[in-house]
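Quick notes on the structure that follows.
We call the chains A, B and C, going by the order they appear; numbering starts again at 1 in every chain.
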Amino acid sequence: MEQPQNRMEQLQEQLKIVKPESPWKIAARRFAKNKLALVGLIILVLMSLICVIGPFLSPYELNQTDVKNKNLAPSAEYWLGTDKLGRDILLRVMLAGRISLTVGLVATAISVAIGATLGAVAGFYRRYADTIIMRIADVFLALPTLPILITLGAILSDLKVAPDQRIYFLMLIIGLLGWVGLARLVRSQILTLREQEFMQATEALGLRDSRKIFLHLMPNTVPIIIVSATLGVAGAILTESVLSFLGLGVVPPTPSWGNMITAANSLIEFRKRPWTWIPPGLCILITVTAINLIGDGLRDALDPKMKNR
Amino acid sequence: MAKELVEFRNLETHFKTSAGTVKAVNDVSFSIREGETLCVVGESGCGKSVTAMSLMQLIESPPGKIVGGEIMFEGKDLLKLSKKDMSRLRGNDIAMIFQEPMSSLNPVFTIGKQIAEPLLHHLGMTHKEAKARVIELITMVGIPRPEKIYDSYPHELSGGMRQRIMIAIALSCNPKLLIADEPTTALDVTIQAQILDLMRDIKSKLNTSIMMITHDLGVVAEMADFVVVMYAGKVIEEAPVLELFKNPQHPYTQGLLKAKPIINQRKERLYSIPGQVPNPVNLGDSCHFHDRCEFCMEICKVKTPPLRAHADGHKTACWLYEEEGKSNERNVGSVGTTAE
Amino acid sequence: MSETSVQSEQQRNSGSGSLQPLVQVENLKKYFPIMGGVFQRKVGDVKAVDGVSFTINKGESFGLVGESGCGKSTIGRTLLRLNDKTEGSVHFEGKDLHALSKSELRHMRTKMQIVFQDPFSSLNPRIKVGEAIGEALLDHGLVSRKDLKDRVIETMKICGLADYHYDRFPHEFSGGQRQRIGIARALIMDPEFIVADEPVSALDVSIQAQIINLMSDLQREKQLTYLFISHDLSVVEHLCNRVGVMYLGTMMEMAPTDELFSNPLHPYTKALMSAIPVPDPTLKRERIVLQGDIPSPANPPSGCKFHTRCPMASDICKEQVPEYRNMGNEHFVACHFA
């Protein structure tokens, strides 16, 4: 056993060149190289900061109506003007942003939790578990999402749920309807991973199922979960906006980007007072684009094949 | 000696990576003569494939780039040719076959179509002429029932058959040079024997020069007329095949020959070259083999040995055979007799 | 060096002399169903392993050779119950492996290990090397968390790795080093039996020799028993005491290494030997080049499976499966003309 020892001395010289770097660090480095994704990240951070901190700096209050100053165009006093009840649009856009972002994040968190768990169970245990979960997924996929959301929104209205509580139902509903795609992704990823030799090695080593799932399989699905969740947030924000626009999601007086655009429903507002609906519309556009850019960047950075290190 | 068909002169092909520049081919010079089989042998990452790709000018840029040297083909410098001329040359005069025949064939076209394509394209044949020629080619590479193969798809054939088809495509325009990049590595030994037989057969019939890239010294011994040994981007030894195997000079070549278990020559313990191929990034001025070499001297660590002829047609890049090196070290006498 | 060779020679003799069986494989069959048609019904079987029997004795190293599709890797995996069998039995230390309960099997896993061919896919890219080597010990409760790192580093050193490799990730290593990691992972369990599934065929020649030497050193020091699977006869000849030659899921010939290489009886073995290119350009050999391709194991030829490519084939070969006979000297062969 002398030879390996000699060998090591020589190896040491060479290996100093390679920095010990975890796969996550490599991914971060690659993400930082992607200009568009960085721009997206900066925009999203700015947007979140403005929405979270901005309202505290505003001289106005939520739902503070001021009929004398209604329908004002943007000015030094009201940066984005006021609406037909004299409320400051800027403040409402920022508060709406809080709500839209929260709805997006929480709804996605719900679908990720459901999707990842069910996908992992289906992929790992296969057989009956797989069949049952995937058939349920098929049913969910076959449901026409929008009509269901609209129906559920209408039911919420019928049940006279208080406007501020509607948000929680909304998050739950969007989350419950959005897990299928991720469940399928995770399942197929785990089915692929199972065939890898390192998973056969865990079987040969006689490792416990829990160790196989949580230490070997799940960490390898995290990249796709992250990417899918990021893009999911964008989708959830859009869904929320659509519902709120139709008056079935977040309902006034609670502001959301979606229900603020409703202003554009009336021809006068649409033509004469573009400041009432353009800012929330732009916010949706910018936020969703930024998130999608981040998602694409993450997908490239987390590419499991690790090419172009 | 036959005329030179290809001459690499101080070829330099570099790759830019995030860690630094990799000199994949670093000042490489050798020539391929007409009607000769030249084998380039070396381990993965030694630059043997990049040399061939540089000749074909198939280096992807970025990250790769041919930064210096000349590649003379029948007296013309290929690096100075226009894209169009080069592409004509690639189809007509130089052809290449690869390790993985499946990925080189398009799965949605029939075999016949794929062999006929260069015939229609480069030689301007009619469809009828092309079909006749394709059948002839399929027969030549030793596949029975060529008409049936003409209409089959790549997935219907076995690995060995696909490699035969690749050879047929390569030969379709009567190339002067056939580059074979590890053509048998993905095949089973009995199939490898068939393909090697076929290539020998083709060479004797068509007098094509072959540049064969391989890591297997057994294949080299069977196929080569002349051998070039590469290590970490450099040619470290070149010689006619009999000379190289009888009298290997570079310690790396000697080590490779001893490290391979040979059938019916059972040894108690294999000789093994310690360590591994150096990290190719930013290799400095030195013999790149020095840290694995049992004869390493001070000069080996600081200065690149020149590739020089020490016997007829036998060049070596090693300080052990240089005056400069000998004055450095006293015990050079033991070099030839290092058998374990 | 001379000391080493004496030891190794003793090892070899005791391997075939004392005959204490560790692994007994009897009439093992492994068929993979082929699904087809609109309803994904079973339309046939790939007969990957089709009735193979052999015994591996304690301390010996048994080689399985053959070309792709001959079922040698499937045997390795079925033998460790990484696959289920279709028929037949595998006994390890006298226990029927495929009849064990899940917890009994888990316990048995500590005694038998596998080293894989592909040094890239056999290591989890997101788990540090030290952790990958040590986790099985921890999971089986064979070591306390406190002693774990010492045990791992000790094993890593035996396998030619350094202690600072502990916190590295697999992608930072070359193929040869990864194979050392794979060996360390198997070795740390202190197994009696290791299946080595083409452990060197993805490596360069100079690295191959390092790994082969490491494996034979380990065998000598730890009294390991190997099932060494390879397509390369010369590697098997170097490392094994006994060799079995497989073709399309069937054992064609089996004999002690010296006997097999000096006196091959099956035409397939002869062809396989003559097909290996020898690094000696002066050698002019009478080469047997087999015609045609390896048939698909989904649809193997009748009679002797080799008859479609055999230079000696006659009518009887197409009709009758040749008997697997003992020719003396522990030399078994399945051929009508041997």
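In the analysis below, a contact is a pair of C-beta atoms (placed from the backbone, for glycine too) under 8 Å apart; a residue touches a chain by one contact, two chains touch by 3 or more.
For clarity, every value in this text was computed on a predicted model and none was experimentally measured.
Relative to subunit C, the chain whose mean Cα position lies farthest away is A.
In this structure, the chain pairs B-C and A-C differ in their number of contacting C-beta pairs, and the larger number is found at B-C. Chain geometry summary: the mean Cα position of subunit A and that of subunit B are 51 Å apart. Averaged C-alpha coordinates give centres for subunit B and subunit C that are 32 Å from one another. Subunit A and subunit C have Cα centroids separated by 49 Å. Across the assembly, subunit C contributes residues 177, 210, 213 that each touch 2 or more other chains.
Across the assembly, subunit B contributes residues 272, 274, 276 that each touch 2 or more other chains.
Along subunit A, residues 3, 7, 11, 18, 309 each make contact with two or more other chains. Within the complex, the subunit A residues that touch subunit C are 1, 3-5, 7-8, 11-12, 15, 18, 20-23, 196-198, 200-201, 203-208, 211, 215-216, 219-220, 304, 306, 309. Residues of subunit C touching subunit A in their complex: 77, 80, 82, 105-110, 112-114, 116-118, 121-127, 135-136, 139-140, 157-162, 167-169, 171-172, 177, 182, 185-186, 189, 210, 213-214, 217, 221. Against subunit B, the residues of subunit C that register as touching in their complex are 1, 4-5, 8, 67-68, 174, 176-177, 204-210, 212-213, 216, 231-235, 237-238, 257, 261-262, 271-283, 287, 289-291, 293-294, 309.
Across the complex, subunit C is touched by residues 43-44, 158, 160-161, 188-194, 196-197, 215-222, 224, 241-242, 245-246, 255-257, 259-264, 266-274, 276-277, 340 of subunit B.
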